[in-house]
Every structure is written in C-alpha cells, then in structure tokens.
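These are the structures, in structure tokens.
Both of the next two complexes hold chain A, though its partner changes from chain B to chain C.
Up next is the complex of A and B:
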C-alpha cells in the first residue's frame, strides 16, 4: 500500500512524542504559548536543513555542503538585509538564489564531473564556507525586528515558525515531489541505470535535486538569521551532520530511493529539542554530546529491531 | 487501431551493424529486418550478439557502423528516451525497475499522467494501470504495492506493462518472460497477437524454444555476431534451428542418469516442515547420488522450500536430519557449514558480487582454506581457482576479469564453482538454467549428473519440465505450499509431470490453456 511509504516516519513521531512528554513532566511550562514558540523555533532551521539533505539523499548522494550554505545565506542576509521591507524581501530572494547557485554547482559537478557526491560537496563545503567568511569576517550584521518577529513570533499556541514550515512543506516540497521530477528523483536514487533505460534524463534530475537542496539550505539560513538576528560565518557547521542524522532517523535510506518528508522534519525537531531536555534533566553540558549520541543510537537500533523479525534474511540484507 | 505509416517496407531494417567492445567483436556486419505487424524471434547462443543488437535498437548504445531504417527513414537512436519517443519500447533482461516505487509508478515512470496543476495523478495512473492489467487478464497485481514486495515473476510482468504503457510501434522483449509461468506466457502472447493485428511489431528473445515455436511468425538466428538466416516459424524444425544456432548438429538428449545404488546413504530428511511465507507440512528425503526434482506451477512454494533448506527463514517448524543426525538450519552460514549449497534464483544479486573478479567470486565461500596465519595465500587461491575454471570449462579471459563481464551461463558456472569449492554434499538448484543458452544448458545438465555420480545429493527446482523429466530420479510436485505428489521411475515424463502440476488425473494429458 502506498501509505506504507510513511511507515518509515513512525519511529521519529514516537520518539518526539515520548521526548515531549518527558520534557513536560520535567518542565510543565513548555505547555504554554511561550513554550510552544520556543520548541518550534528551536527545530525549524534543522528541519529545513533536513529537507535540503533529504532531496539529495533521495538521489543516492549526500550533501556535506548543507551547513556551509546555511552559514553563507545567514551571512548574506544579516549583512545586506537593511531595515526597509522592500530590501528585506529583495535580499531574501537573493539569498535563495545564491542557495540555488550553490546547489547548481554541486549538481553539475556530480552529474557531469563523474565525481562522488561526498567528494564534490566536501570541496564545495570549503568554498561556500570561505565565501561566507568573505561576506562577513566577523560575526554581526543588522536584522530588523519585524523580520525576526515574523518568523519567530507566535499567535497564541500557534508559532509562526510552524506556519512557515507548513507553507514550505505544502506549497513547495509536496508539489515538487508529486511532480514528474519527484518520481524521477526517487527513481534515480533507486536504480540509476534503470532510470536511464526508462528514458529519464538522469543528469538533469540530479542537477535539479541539488538545486532544490541548495534552496532549502538557504531557507534554513534565512530562518536561522531571524532566530539569531546576526550573521556568523561559522554558525552553520553543525547542520551538515545533524541534517544527515535527521534524514536517517526520519527513515530515509542513505543509498537513495526511499524517504518521505515528515520523518526527517520531525526527527530534526527531536534532535534540536533533546539538547534542552538534557539540560532540563540536569545533565552537565560536558556529557551532553555523549547522551545525545547514545540516545540517537538506542532509538535507531530499537527502531530497526522490527526488521529482524522478518523471516527471510535476504530481505533484511537487501534493505 | 491502425497507424499512419511511411511506406510499406519493413518497420525496422538494420544493415551491416558492427559493434565491438575492447577487442571483442559483438556484432559483425549484422543484418536484421522486422516487418510491420509481426512477432519476430531473435535466436542465438549466448554471445551471439542478440542483446547487443537490442541495446542498439533501444538507444542504450550506438553502433560503430551500419545503418538503421525505422518506418522508412534512416535513424539513429541516441538514447533510451530518444528510442522511446520514436516508438521503440524495450523489456530489458536486467530489470530496469525501482524497488521503492509502487507498481503504478514503475509502469508510468517518465510519462506519468498529470493533473491540470502538473502533479502526477495517482488516480489516473492507477486506473490506466488496471486497464492494462485487464488486457492481460492479470487480476492479482495491486498498482499501489511497492515493487520490493513483488515476486520475480510479477516484477517481470510490471516490466512488460511498463513497455506496453508507452503504446510502442516496436516492442522488444529481451528474455522478458524467463520468470513467467506457462499461463502468463500464453496470455502475454495472446495480447501480443492483438497488438500485432493493430500494426505493432514485436521482437522477442527467449531461450525457451518451445515457447518461441508456437507463437512467433518468423525467426532470425544469430551466430558469432552475424545473422545466419531468417526463417518462417511454421516450416522449420527444432533440430534445424539448434543447428543454425550452434553451427553443428546437437542432439537434445540429457546425460545418462546414473542408477541409484540400493544402499545409497540417506543425506537429508525433512519431516513436517512448515513456515516461511507459505510452506506447509513438507516432508522429503534425499539420498546420496540422487537428483530430486521439485515441480509444480509457478510460485507454489518451491523457491521458499529451497531457501528454507538453506537456512534463509527463521522459525520453521518440523524436523530436519542431515546424515541421520538432527540439524537446525537457522542461518545460511550454518547451512553452509552443514554441507548445503544453494545456487540461487537471481545470480546477479544473490549468487555473485558482480564488480568483483572471477577469482574472488569463486574463492569467496572458502577463503580460510587458502589462508596461512589469517592471511590469504594468493598463490594457493589462484591454483585452486584455475582448477575450478578448467573443471567447469568457464570461459574467461583472465581470472581477474570482473564477474559482470561474463555471459549469463558463465556467471552461473561461477556460482556453482564457489559452492563446489566448499565441498558441499547437498546442492540446491533454483531454476539454474534461466536465461542461459542451449549449449551451456547442456553443460549444466552434465554438471548436475556429475554431482550425483560423485554421490552428492541434488535438489532441482526448474520451470522447464523437460529438465525435470530428463535429469531427475524422483520428482516431487508442490501445490500451494504442500507436497502433493511424488513421481518415480517410469512416471517421470513431461506429460505426467505437467499433469500432476496442473492437478490433473494420472497420466492424463494436460489441458492446454487456450491462448
């Protein structure tokens, strides 16, 4: 059944649910308009970065430059945004265009350079980080309050962050994935030779997937700018590996071909919120990373236990 | 339904097509012509150039030289997309499907029906898929099922539907029916005839001679990269065709069955095995030196039985005895250690590691044997691999060649070599000659008979009834996961095996399903 495709997201949903319940027991204040806003704001950047990573992972690749594009767009936005609404909008569009350009470079190198995606994006990771430093050698910049409010504020229990995320998911992501391009992206990741034999333009599909990834990564940078209200060339670094973790946690296959948006997005919130939960649980920041990694490992292993119930070992090894 | 055509000559006319890979000449000035509205079989031993020719027609590769005229115009097929746009659809030997997409998505990949907003219309896709299934009388395929959940036979159906969905002018089936059961093949050909009367031409490659003879109009035989001749299917005998293919007369007989010694030791006993996806209360016995055949209609649990004996399933009930001692075959490596070998259904994914060399593939299951202090002695490994290559007459340029580069028959020999190396006592063959040319098939029959002569036990499941009749000492017939009949001695004939498979009375001639 087609809904089975969404089964891969169940693990992330359950994990986030349990995490929030535990958080609420520890800190009942999170169940308030303010708490909802904090929770939503915390994960939205990584959620967008996870979408950027997911579209590339679906093609069977991996994008190590996601974090660098987040930094670069953060620096461009915070540096050139100004305070007039018109200039803010113009700079936002420019930033997304820069993201698209970054993705285009990745895509062209992967599709026509015949280089492994991991190597291509490692190289461009350095390039984009360098560009971010050129734009903004020192942290700082100017972000108008109305911009920050529009993305991090809230209306009662409804944080604007979630509104923004849902707009991206339903007005951009879903239509793209339900177009022929979306099927082609999954087909290329699933069986590139078969995709070629089926008359799919594989290089074009790859390039468009990386461009999409670049745009989503730039969107993550724009959101981060609203959150931190400043630009910092090093701020995006952690988003590369965290986005990969969110994508895997969210049930996508690193080999490509399988993955739906809800899983990685929800996993992104889990991975972002868990830091505060560990803090609320009184765990020393020194041990935070160990706990973070440990919890991620336990959840993933637990989530995969069901596959071991399968009767045929061959089906396990093939997945 | 008739089509606009340019002129009345052949739909496809290829002249003097030449193609070489490295030093190997795959096609050498090959000619081929296919008329409008005919079913045309391409025959030839493996390596005769059929698949290369088909790949050129479907835009996968370009010829080194030669001309192709399609519908009266000289063309070049620059890519699969280009060939598709010109009206050529191909069902490839290597399935070109997507495991994580649904059946409908696989069928319409690249030309999905769209809504007005440019979105893929799931509703129309499902409806069109169902309409296609109806044309072939297939009612068990669910358009929303994920491809990874389908059997190999069903995947092949999907591959065929995928080609049909493009409403092609020329439909090419490259070994497109090797996993299909008899009924499905007959339904397919009924549909192909319908297409043909609408003006579509069909080019068909298959190693199942019987299948070809009945349904096609003309046959073109290839040998060593060139056309030997094109004949009308109606007035040409099997022997003549084989002679054209091989360039010499070969008799179709199977190797002499070695008599089963009365005191042959019991190798394997199974009692009341149930489980897996559909095995129910299976009991069987295998003696040393015996070739035991598993028959029945397609998909009655034969494959599951072999996998179960090889330890691929967990939680099986029942008892297994090896050499008279109870054995628990719960994992493949345990089965391997117990002396069981499986030549699996899909040699490309389950039998071999295609990018690895011939040497590495052969020695894979027995690496420790060439070792010294935990390191592999390349010298001993090479010596051993060379022996195997000679013993099984595997045609390789060098043992460092990747397995991918070998023909289907030689790949299958690699799988067998790997398991021979383990010194296994019980050999399980899962449709061992699927997609293999006649000459190599005979070599395989010899090998199977040879294993039995050496006192090993062999269990063979094959979709070709003639192989069961020609090779086995005993044939067990499966139906819906159960053993329903055991045939021995004089009962082992093609008609009787078929009759038992169809659940018909003793020795009755099987009713042919009307096409």
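Up next is the complex of A and C:
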C-alpha cells in the first residue's frame, strides 16, 4: 500500500543511491561529519524549490518564477536581517510573507485572469527579478553567524539542513497535502471540470496552491541565504528549470494531479550532488554539463523502460 | 593582548624576510625571479600582509572557475594548465585540478566543497558572485585551505585578491590621449556594459584625468565590450558629423577601428583594450595606439601567488598586477599580436614582470 503510493519516487531513490555509492568510491571522505553536512547542504535549496514547483505542477500549471522568488527572498533576507535574534525572526517571517504575496499575484492572475500559468509566471519572473535588483543593486549584505550555522551546521553526522527539511516536510507539507486543500489541489490538477462539478472552489484552490508555492520558494531563498551568507539578485536563476527537472524526475506528472513529495526532494539532491561527483570523477569542465544532461536522460529512459512491457499502449498513454 | 603578540611576531618575520632576502631567494626560486616587489605589488597603502601558515610542498591545487564559454576564460584555463606543466613549477605541484561551475553560485559552492573534501592545499578562484562564496571560503580557510581569488574577485579578506587595477587602466588611457591631442580636443569615449563594476572603475579613472583639462570635450557611447555593438554606436557617432581627435575605448576596439575605416576617416589616436583584431589593425595601418588589457594569465598568476604563500612568502592580501601594455613601438608580430589567430583572441597572455611567459600557438593547443 505504502509502496504503491510512493512507487513514482523509486526511480529517484535508486538513482541517488547509485550516485552516492559511486561518489563514495571516488571520495570516501563523504562518509564523515563534514561530508554528510556538505551533501545535505548542497541539495536543500533545490529540494525546497522543488516543493514549490511540485505544488503548482500538481494543479496542472508550471511556475517559472520560482528562481526569481528565490533571488528576491535571498536579497530581502540578506539586506534587512540585522544581527538581533528578534530581527532575524521578523525578517524571516517578512520574507515568507513576500513569497506568499508573490504566489498570490501568480495565483490571482492564473485563476481569475484565465491566462496560461507559463505566461503569467514568465511575466512575474521579470517583475520579481526587477524587485530583487531594486532591493540589492549590487551583491552584498550580511547574515548573523548563528543563523547560518542553525541551517547549515551539523551535530556529528546529523546535518541541521536535513532537520530543517524534515520539519518542512512533516510539519507543513504532509498535513497540508492530507487536508481537504491537498485533495482539492490534486482534483483540480487531474480534472478541473470534474473538480468544479464536485463542489470544489477551483479559483480559490488554484490561488492557495500558488501561495503555498511562493512560500516554499521563499523558504528556499532563506536557506540559500544561510548557505551563502549574502544576497545576490542573480543567484536564483538556475533554480527555475532545475526545480522543474526535479519534479519530473521525482515522478510527478507535468499534466497535474499526480506526484508525492519524496520523489522531487530526492531528485533535487541527485541533481545538486551530480556536479560534485563529476568533479570527483575528473571530468573536464567543458563536458561536465553534457554529462550532467546525459546522465539525467539515461536515468529517465531506464526508469520508464518498464512501460514498454505493457500489452496495451492505451495504458501508457493514459498514465 | 594575543593580537599584539601576533603583530609583533609578524613584524619580526617580515623584518627577517627583508634582511634575508638574498638567502631566501635561493630557497624560493618562484618568488625570486619575479623580482618580488615588482610582481606582487600591494593594492594601496592600506593593504595588509596576508598571514598564512607555511606548509611543506609539493601541493595539491584546484582552480575553481565560474563561467566558461568565452575566449578569455578558455585562454585563462589553458594558460593555467600550461603554467603548472612548466618544469620549475611542476616540482611544487603534486596535483592540479580544474573545474567550471557556470555562472551558478550554488554549483560553485558545491564545487568548492568537493575541493575541500579532496584535501587540496589551495583553491584558486574566479568567482561567480563577489559575495555568494564568502561562507564556503570561510569553511575552506577553517579547513586550512588557502583561497586566492582573481579576475572576478570576492569581498572577503580571508582570501587573497589578485587583479589588475581597472581605475588605473582608464587613467592611463586618458593620460596618453591628453598628451597625444595636446591637452585639447574632442574625445570619443566608448564605454562597456552600463552598471558593471569594471565599466564604472575604468570611466572614473578616465574622468579623473579629463576633468583636469578644460580644453578636452568628451562624447560617450556604450559599446558593451563587443565588436559588433561598438562598431554600430561609433558609426552612429561619426554620422553626426562631429570630428573626433582621439578615441578612449574600453573594448570592442576592432569594431571601433572598422567604423572609422568604413566612414573613410583617418584613424585618430586610440587607447583601448587588447583584442588581437585591434592590435593587428593598428600594426597594419600604423595609427597611434595604446593597448592595455585584462590578462588571461591572471589564473596562472593566482597559482603562482598560492604557491608563494604556501611556501611561507609574505605577500599582500590584495595584489595589483602590472597592466600589460603595448604601443606602436612595442607591437611585435607573434609576440603581442597574431594576424593568423581570431580577432577575439586576448593577446596579453604573458605577464613579464611576474615571470609568466607563454606562446600563443602552444597555449591554444592545450585541451581545456
């Protein structure tokens, strides 16, 4: 039962497992407290960005503004955080609120503007990147060491990054997805007409999904701020497409309605760690991105080979 | 109290180093042939000496590059590789690794973490963000790894900075032009990409000179350091009918010269960057030229600085490297311009004052 629910994530789990085994062979030191810490830190920002993308993808949309919201929240956090614990907490809350606001704008335009999500979020991508540049025209800013340490440090072999991620997953994501809202999001993504006929408020569901996405993207920005201890308006660009890749790799359907959190989160770690593995394997920098894409493609193809065993193509097309 | 002791110890060490310079130069050939003072020039009077613990060689050194995909970066990596293969240098280097992360800060953080794990002695860095890598640099330094940043330098003083002074570059161009025009005249100013640090610094340097001469008038256009764009905007400026007595240009200079040629005008004195096409045209058509460029050998210099510091050399935390300069008198085919190579090739592949001398054909053969 549990396996069936999460079987879309199996591919990412197997791929990450193999990658880590290979990494360990090339670099045994990853099995040390420091190694565990950097492995965990490396993927957490993308994992949070993947959650932001996943909630929107579940509604059948796609959010191209994820990277811009990551940049914007990174700039806000690094610029205004200060050093007093109270101001740190206040700025974190403010940053998440800005993320929610960004998501609200996306959601309203998608739900009531009746514009394709890809166009809406492409437009807001420019707006949010512009705002990030206004907040921080030049890279800089500062965060207190205790903030950075609380998110990127570790206690023995236990990296705080994983603790933070598990808190988000089990205290925020799971309850939300198990609530009526979570069911409604999946229903809207699977079949908006059917959802409407069943009495689900489709626009409201869409808006809330985008707001959640904005908050998760802002959380990713907050994490990135702890990792880089500074703000840079151009820093988030790579998270948009990588978050989409993580979501697809993690077994969610771009068409909406299907997808569970573990897959994209684990896929995010895979995508983030692969560049270090390529470096450890001594691949020339010119070809690293070719290998990165190639490996991703091979993994996806192998993962989907099983579908060819089916007797009827209709079942494949329906999935 | 502790700090005071530290300073005293450092003071003693520097004094000793000064006194024993001749003895030391035998022990440290890398520093000696640079003529020490000339090559490792402190940025300004406020520059402190970089404190680092001496370590026994040979060393493991990693080059962490960000963007890859223009001629300059490719040459930079090729020269760095060629440098580590030189017999005198190879003795000190156990292993040399290169990695490029693209303009992606988190990828470069991951890459540097990997270098920390690999237990390198020094990381030589062309950063994707001036600030985004500061925390991973802290970690590297805590792990006993020396970080030397060059070209796109970082803001943390825990790393050594190696770069050319962009302000001085703009200033030198301007001073030369003022002399050529006899303190008066119309100067066409071709700027780079608006809003970037390099463009602002070079322009400030230029203005610091121009404003001293009331007879000098300037007209500004933005050429974006690109031959095509520069040619277009200069052609527009010429079409307005203004006569320009000189050109101060930050880049895209091959295009600037072509614009003058297409308008059928005699090329006035031009001070600009160091693209191969620009220097080749200057050598062929013999118009007055001053060419100063950002050297792709800065990466190799970063390695040299890293090795010198690891060996116990007392170097400044911020190092200003000499500006590779060429004028009509010093232009020499096959040395600082190459008619058979692409226009986009960056010519200042050697930094003579630092003992870094390379050959273009050999560099281009090296696999990146």
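Going forward, the second predicted complex is superposed on the first by the 316 of 319 C-alpha atoms of A that agree within 3 Å, B and C clash if a C-alpha of one lies under 4 Å from a C-alpha of the other, contacts with A are read in each partner's own complex, and residues count from 1 in each chain.
Keep this in mind: a contact is a pair of C-beta atoms (placed from the backbone, for glycine too) under 8 Å apart; a residue touches a chain by one contact, two chains touch by 3 or more.
For clarity, every value in this text was computed on a predicted model and none was experimentally measured.
Trainee: Consider chain A as the common anchor and indicate whether chain B and chain C clash or fit when overlaid.
Mentor: With chain A as the common anchor, chain B and chain C both fit in the superposed model.
Trainee: In the superposed arrangement, which partner chain does A:179 touch: chain B (first), chain C (second), both, or neither?
Mentor: first
Trainee: Could you tell me if A:201 is touching chain B, chain C, both of them or neither one (first, second, both, neither)?
Mentor: first
Trainee: Between chain B (first) and chain C (second), which does A:257 come into contact with in this model arrangement: first, second, both, or neither?
Mentor: first
Trainee: Please compute the chain B to chain A to chain C angle from C-alpha centroids in the superposed arrangement, rounded to the nearest 10 degrees.
Mentor: For this superposed arrangement the angle is about 140 degrees.
Trainee: According to the stated criteria, A:272 is in contact with first (chain B), second (chain C), both, or neither; which is it?
Mentor: second
Trainee: Once the two structures sit on chain A together, report how near the CA atoms of chain B get to those of chain C, whole Å.
Mentor: The answer is 35 Å, the least C-alpha separation in the overlay.
Trainee: Using the touch rule from the top, collect the residues of chain B that touch chain A in their complex.
Mentor: It is residues 58, 60, 79-81, 84-85, 90, 92, 94-102, 105, 109-112, 114, 117-120, 122, 142, 144-146, 148, 162, 275-277, 307, 312-315, 331-332, 349-350 of chain B that touch chain A.
Trainee: In the complex, go through chain C and note every residue touching chain A.
Mentor: 65, 68, 77, 97-107, 109-111, 113-119, 129-135, 143, 155, 197, 367-368
Trainee: In the complex formed with chain C, which residues of chain A make contact?
Mentor: Residues 27, 29-30, 34-35, 38, 41-42, 45-46, 138-141, 148, 152, 224, 227-232, 234-235, 237-238, 272-273, 275-276, 279-280, 282, 284-286, 288-289.
Trainee: So in the complex, the part of chain A that touches chain B is made up of which residues?
Mentor: Residue list for chain A touching chain B: 1-2, 4-5, 175, 178-180, 182-184, 186-187, 190-191, 193-201, 253, 257-258, 311-314, 318-319.
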